[in-house]
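Heads up, the next two complexes both have chain A, just with different partners, chain B and then chain C.
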Partner chain A sequence: MKRIESLNMNRLTKQEIPKAPTKIKHYLTAALIVLLIGWSAYQTESSFIDFVEGFPNMFDLLVQMYPPSWSYFDDIVPAMLDTFRMAVIGTTMGALLAVPFALLCASNIAASNWIYYPFRFILNLIRTIPELLLAAIFVAIFGLGPLPGIFALAVFSMGIIAKLTYEAMESIDKGPLEAMTAVGANKIQWIVYSVVPQVSPYFVSFVLYTFEINIRAAAILGLVGAGGIGEYYDKTLGFLEYDKVSTIIIFTLMVVLLIDYISTKLREKLL
Partner chain B sequence: MIEFHRVTKIYPNGVVGLENIDLKIEKGEFVVIVGLSGAGKSTLLRSINRLHEISSGEITIDGKSITKAKGKELRRIRRDIGMIFQNFNLVKRSTVLRNVLSGRVGYHSTLRTVLGWFPKEDVDLAMNALERMNILEKAYTRSDQLSGGQQQRVSIARALAQKAKIILADEPVASLDPLTTKQVMDDLKKINQELGITLVVNLHSVDLARQYATRIIGLKAGQIVFDGSAREATDKRFSEIYGKPFEVGTNEADREFKYESIN
Partner chain C sequence: MKSVARPVKPKKNRFMLWSIYVLLAVIYIWALSGIPIEGFKETAGQITKAILSGILSPDWGYVYLPEGEDLLRGLLDTLAIAILGTFISAFLCIPFAFWAANNMTKGKIAAGTGKFILSFIRTFPELVMALLFIKVVGPGSFAGVLALGLHSIGMLGKLFSEEVENIDFGPIEALKATGASGLQTLWFAVVPQIIPGFISYTLYRFEINLRSASILGIIGAGGIGTPLIFAMQSRDWSRVGIILLGIIAMVTIVDIISGYLRKKVV
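What follows is the complex of A and B.
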């Protein structure tokens, strides 16, 4: 044992001890980030003083919000249900649209990069549009009401679900794909028998996850006139009825938390 | 009957996979292909059902060229060739029965198979195949609940349900322990003898090849260096062809094998 140790020691001293890499790069990065924050704050004219000065206002608002107007609850239940329905229909439509899109974006399924690159590009383009802007556009096209909200959510969900699903598709076991090719399956049979069973639990999980997001998104779509509970935010805030606002907030919070909880539980079961 | 006519495969990186292969495999043969890893065994096997494309030459199955076949014609030829893989390649989340039935999709319309409406005869066929493989009681079990050996038997059942005339097996026992290896190889032998299905099997163990094959083909650097009966494939002959490294190679593979079965 001793001999081996001494041998190792010899080897260590013979070898040159490597120099630690310089940290200049880290310092430069840190400096750059500080500069970026400073510049952003300067350009947007935001300052800590404003924040501190505004603090009492925030407190005032909270005071005005209390107590919540419990009787208002009954008035907003239909709107909340509308929001829920919008999220359900929007997510479902988005999920259905996402299936062909994901298949066309996955490099192991759409065999040619002439197919999957353009579709990925379109998908990325869609995902850059915020759902509120989508809703505003659809309101301009279809008029006020839940319908434009649903369409906005559908497009928005399609973007998320398709992106997550095609990435999941690309990571599936390619063994069964090969087996189905060998069996003589055509493309559709090949997809249904080797891709779908492998991806479907992930897909369902992504749909549930998107539904969670959509409930939250649907709650504010009313701000641009796309139906749901958001319209009541707009109305009550406009009339400075903060007790009602707090009722809506509490209600929304309850619904979102409940759906998050259920969906998380379901997704745990799935994967 | 499988025929190779001057088949060459060169990979895009310039590596020669197969070099000028001329080969004829008759109906009902049990052919085992041996060789070191990288010798082109897998390439040879997968070129038969065109899971790998060849660079030049032609392969015909019962006189029909699979090399030239396209679309429906290609799928038709593939339908008659079953395939068994080292990693079984079952859909793990699907039931055993669905995996076996997936071998039937080539016989039916897209709509019917997508909806999963297989005729009763197909289900009977699948059940018979499972019975033959001694695994009928697992028909409604999810495939990932089965052991490796059971999964491999399911994949053989899939090939049987396919009514394949030829079965290709790419290292079918490489991830199985010695006992299961024997069962699976016995099963392959049985379907070869009882059903007259032509078998082309890649193995890395010459010993195993000698036990089961009616004919052994040795590959080295993409060329056929041995083609004869199991009796002719003596250790002496093989060390002449491959030199010492072949022995070392097989030993190493065996050792790896034991580790896997312990784990």
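What follows is the complex of A and C.
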């Protein structure tokens, strides 16, 4: 009897103070992060001193940019319209290409995983390539101008829209699909009457979202010679005309913010 | 026979719908008419073939060159730019996040100003930022780091502020009731709630920054973009092929690792 009591007592005293969970893992993670950052700083030759020394330059730059050259607006309006055009056509082409792609990637529509895994893989590969890189390749193929920019935007937006759409397709209600199967619809009727009505609001919303991204992208594609307002950065920075640079930046910001605002309002209405 | 009452089709706002269609049609006609279709360059087919054969038979010798300026070093440089840029922005955006959060700032105007500044930073293209930083610190990776670090504040600040807005106020009240100071409340009630979201968003932004870092070199801000644009200008397609493969491989691997970590954190 006594022995048992003492055993119990023993256990109690041992349990009184729970051990704190070890923090070794946290310390190791922190050390790893510090190491990574240190290595990155070394690799990129970043130095705080350079930054501080360069800081007056930045101030100079801002001073030179300050009164934006308002008369330059007239010169860049056509380029801005071109940018808008590129974004519209690029997004539309991307959206059209994305439809079959999304259908082939959705596991509940393309019934066999021999179909949807390869297509998803291709989609992932496409999405790893940045749009400016695509533009540079298309410029090499088609020459300078807005055409390579449009193709680059089309491929780039296809990647985004197809990914978002196939994920939306996979989460649709199964009921209409089964109903269409039960009445003996063929594959096309099945898609048109049970998948499309459920997905189309999402699809339109994704297209608008991609359009917002594409306006931003189209504004810089000119840096590699793919048309639009980006071409003017090279022209003005080369001649050190910073007042004109700030005009371009302000104009781009205004257009982007306006389109973002309209597109967000439209998307709120859709969903 | 009794006539069966057929369901009436819901009346839609026909006028609105049609005006949207007309507007869209006008935009498309205007957009399509403005695109110059002066025909493709005759060499387009040839170059496409050259690019494809270059990608299919990449220049494996470029992966590692003992004297430097090879693919591996370029990719490591790109990775370093993305890591440092993301870290800087994750650090700098914290004050912005608290500033832009409705529940942390007193008054709607202050939070609104914070949100506006963040969206302003977000709209400023990172490549233009890089161009400006090149003027400040000279061409090279450091300009790329600064550009990414500044540009990412916009998105991270927005996501972080939403995370801060969604916190539970229970722990804060509990700590206040025990007489904790402002800093202690922040550290023991707010920080533990937002840390997982912070880490997850930072990793997500890191994935985006890696893609951006791989093109910064096109304008001279360091990373793999510089040798890529040189190879393109000298029409060395097998080298372009190996660099493209390198970028795709690196981005895919980093995406997988980062996705795994994000799943673990949240």
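Note that the second predicted complex is superposed on the first by the 248 of 271 C-alpha atoms of A that agree within 3 Å, B and C clash if a C-alpha of one lies under 4 Å from a C-alpha of the other, contacts with A are read in each partner's own complex, and residues count from 1 in each chain.
Going forward, contacts are C-beta pairs under 8 Å (C-beta built on N, C-alpha and C of every residue); 3 or more make two chains touch, one makes a residue touch a chain.
Note that the structure is predicted; figures quoted are calculated from it, not measured.
Novice: Per the contact definition in the header, classify A:Ala111: touching chain B only (first), chain C only (second), both, or neither.
Specialist: It touches nothing on chain B or chain C.
Novice: Which of the two partners, first being chain B and second being chain C, lies in contact with A:Leu270: first, second, both, or neither?
Specialist: neither
Novice: When the two structures are overlaid on chain A, which partner does A:Gly175 contact: first (chain B), second (chain C), both, or neither?
Specialist: first
Novice: Would you mind checking which one, chain B or chain C, touches more residues on chain A?
Specialist: Touching more residues of chain A than the other partner does is C.
Novice: In the overlay, answer first, second, both or neither for which of chain B and chain C A:Arg85 touches.
Specialist: The answer is second: A:Arg85 touches chain C but not chain B.
Novice: Answer with first, second, both or neither: which of chain B and chain C does A:Leu133 touch in the superposed model?
Specialist: Touch partner of A:Leu133: chain C, not chain B.
Novice: Mind working out whether A:Ile262 is in touch with chain B, chain C, both or neither, as first, second, both or neither?
Specialist: neither
Novice: If we overlay the two complexes on their shared chain A, which of chain B and chain C does A:Ala30 touch? Say first, second, both or neither.
Specialist: In the superposition, A:Ala30 contacts neither chain B nor chain C.
Novice: Both chain B and chain C contact which residues of chain A?
Specialist: The answer is that chain A has no such residue.
Novice: Inside the complex, what are the residues of chain C that reach chain A?
Specialist: Within the complex, chain C touches chain A at residues 27-28, 30-32, 34-37, 40-41, 44, 47-48, 51, 76-77, 79-81, 83-84, 87, 119-120, 123-125, 127-128, 131-132, 135-138, 140-142, 144-146, 211-212, 214-215, 218-219, 222, 225, 228-229, 232, 235, 240, 244, 247-248, 251-252, 255.
Novice: For a test of understanding, state which residues of chain B touch chain A in their complex under the given definition.
Specialist: Residues of chain B touching chain A: 49, 51, 72, 74-83, 85, 87-94, 102-103, 105-106, 110, 113-114, 155, 158, 162, 168.
Novice: Across the complex, what residues on chain A touch chain B?
Specialist: Going by the criterion above, the answer is residues 173, 175-176, 178-186, 188-189, 192-194, 197-198, 201.
Novice: Under the touch definition given earlier, write down the residues of chain A that touch chain C in their complex.
Specialist: Within the complex, chain A contacts chain C at residues 36-37, 39-41, 43-47, 50-51, 54-55, 57-58, 61, 81-82, 84-85, 88-89, 92, 124-125, 128-130, 132-133, 136-137, 140-143, 145-147, 150, 216, 219-220, 223-224, 233, 237, 249, 252-253, 256-257, 260.
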